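Here the chain labels run A, B, C and D in written order, and each chain numbers its own residues starting at 1.
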């Protein structure tokens, strides 16, 4: 039996904090409602851009609960559940499954990265997938983990009935292409770097979990729509126009940049949690300029 | 008022797990009793070698409680409390302070390492130190975090009244020497790599938080005793004899190697938690051989 | 006055060696004649794929001379001239200029990389450009040099009247886009990684110095022709078909892979120079398989 | 038959340049005469600190010739001969052998580092050693090459009759100790980082090829003399006093720092070659301060 195909744009959504550092669930709900109106395929809650690593378990569970309640029910609620140990990852994955998560995005464990060999990662994902009550997605993000999941390993894991796909945030075209070549036919290779959104579509990839989609959901979806409609020149032109925004909200300014850009577009993003620093005035000015130049404000 | 000086060897102790992955607190207590008999200055609980990253909060708190109860009361109970967010680190530090921790070993936050600038780290340690009810120690372990705390930053932070010292596990002699040169007079620069234990003593460093001290506490302490007694040739000869064991229980085989070596010396270490892998038979043989050659079994 | 625009595909050509390790100039000439027949914009001699680092000065000069004589005179002869010192780079650049080089591709000096600061690189390229009798191109190839030329520095250097453009082999789309954004209007940003050839065209980049073009010159040029003709779906399909070949002849098997693939397509590539190793039989089989699958043999 | 043992301190000597960038051979001779008066075991010419990578072949040969003529004939003249190709390294090694070099220090080839596998390096050193008319020394300097020669490979190569020893500039104590453990009894493991000079002596290593010995030859030798005489506390105290100078003339300011420090001690060092930058006034002040504090000026 074939795994269901995931198609479209999915934002790994930010978590709004108040100035005191508390999660502001109301703002989160209002953001969700706006994302619901955009042509998106779903949402990732508790991904890297949600500052999940800063949240305690109660906050995480509440965010999942609230998200499950308010996301358009036709859409995919994916929850980031990767923790360092196998048992904690399984337990947390099954907790969020009960709360309504439809799939779990599982980060490679990485604290002991010198010992996270191919064999260790293979067992980890296999054991999590065996025990998880929802399908899992492998999350490859070498920028944060300094680990790369090899195409060979993806090939083997892609045959597991409960491993639905992967999100790759490295964004190396050669490797993306090898992920596709090595993986089972029905395995969902999703791209996690908006800088290669259009090139990934050209590789036949059909889903993007894109930080940029927090602030430009319509635009990210429009790239794909144009592309599918055969209007590739327009797709590319739009993609290229978005590139400087993407750089600003990811590599250059990180989550703080993403949150500021989101505010500029009317989302309620609030503060980042310490030790992340808020943008300085001149950094805010640079983000604004980039947003203006791209026509987003 | 001067900060108290820390002198001697301190093992960052392992956490025994049963085959089912549960913490075995009884084994931990029996290990503590044995460490109590060795000439050590204290213990670190919840450090990198304790697989703390795999423990849930209840397990962590229980381990601290049990350790506080059973450690020789004249000795220093240090608890690893670094979490990714400032607020969680403060909260957890103050929880373990109530349970008897005498100092907190605070890892640099590192998930968002590209954004963990000098300024971000400076604020983080300052805010944690301001709010912590026990003195804190900076923990620099680039092998796991890919971040290095600079000597300049150490110099500034060393003047904070509640920052008692640091553990440096990079083990670069030039930088260790610059930490000492930049830091305030009463700041405790402690070395966290047994490979440079003897060279660190030569730099005037007086404390070592050494994974190797889990399995060779007497020997690690003896290096320092001989050194202080002016018997440097003997100190060095012993240090050199221990080097291959140190490599085996850290860089080469990690925590799994440390636990196996500890078992060989009569400690009760049990299993590692997945996704760490247990040693394969041939790896166990290599650890045994190295232990034998060093005269430890 | 505007700098001339470079448009099209340019192979950084391989250097054929005999089994004894001698340069085989006759084979080089025969290869050049075949490349002359392909729709290419020129050739790079003495680039990374030519094993230039293994050639002595006489061999280099002879190769330039022979290339100048046999390249279609309407095409651009670019010569790799970057050496570690400023003075050697200037001297060698001017030697090859006298022999017919039309532009010099200048690698970032990198042996003392920790000291190759933005200021050092800025002075280096400025001084070389000031003294060179042909226009120069900046060559950014972090894979080999571990140095990256920043978009800001490219922006400043792009205003120098004798710096014609750059070849970027990092292939990061975000950074490519920032090179374009920072550089002067008439500065030629060329891509040096075939994995992003199609995406680079979408960014408005018009030239590619592509190792892959040694073995698939028509195909690389066809990608661009289709693209310009508005037949983007076909351009992309062809680009995607070539990706596995590109990976094989660059990242996976390096120059030895490139040379074997070239032989399969009827070029005369011969041996690699030691310490590079020739492909093992199973590696040759993998390259063959990839070439077949791409329809290149 | 046993390989001869190398014992003592050997500076990898700097190359004096005039303001116009020309090698100043007279200054080199005067420096050599001063080093001859210090208790050194020899000299390395054309090492990393000589800016050899910036010298053309004529300059290199002339430097070797002049050095062979003026070095105290009882001392070891070692010449850096590593080039990227096997054949060029062999040829150049044999040229300098004819001019009086007694051993060749051979850098790992590194431009194509992703392809410099254990097998490629093994063949390289074996072929060079087979064909060289003087004994060779393996030069491991990951700071510049990003390659590390493994203890296993050192173990195998150490059995080659014409591979006399190695210089390791990584300075990791664990690995140094494993080099010693893996290598044949009569293989000379020499340390190339003054930061671990005293710790290396404790490992039983008997020779140091130390950049610091350019500016503090007596002091580096005195560390070893005191150590051998059983006056280890004094050896260590002196070693520790020199550490900040060593950091300044290597990691922090590189060759430019080394040359300025050498001038302060009465050597004639002159300028660095571009693209290396001369020290700025404030950098010179920092080097002076460090030299003063160490009692070297």
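Keep in mind that, in the parts below, contacts are C-beta pairs under 8 Å (C-beta built on N, C-alpha and C of every residue); 3 or more make two chains touch, one makes a residue touch a chain.
It should be emphasised that the depicted structure is a prediction, and the values quoted were computed from it without experimental measurement.
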Chain whose mean Cα position lies farthest from subunit C: B
Gap in Å, rounded to a whole number, between the CA centres of subunit B and subunit A: 35
Set of subunit C residues in contact with two or more other chains: 251
Topology of the chain contact graph, where touching chains are joined (line, ring, star, complete, other): ring
Which pairs of chains touch, using the document's own definition: A-B, A-C, B-D, C-D
Interface residues, subunit C side, partner subunit A - complex: 171-174, 177-178, 181, 195-196, 198-199, 202-204, 230, 232-233, 236, 239-240, 243-244, 246-247, 251
Residues on subunit B engaged by subunit A in the complex (per definition of touch): 21, 48, 51, 53-54, 56-57, 84-88, 109, 111-117, 119-121, 123-124, 127, 143-144, 146, 251, 254-256, 273-277
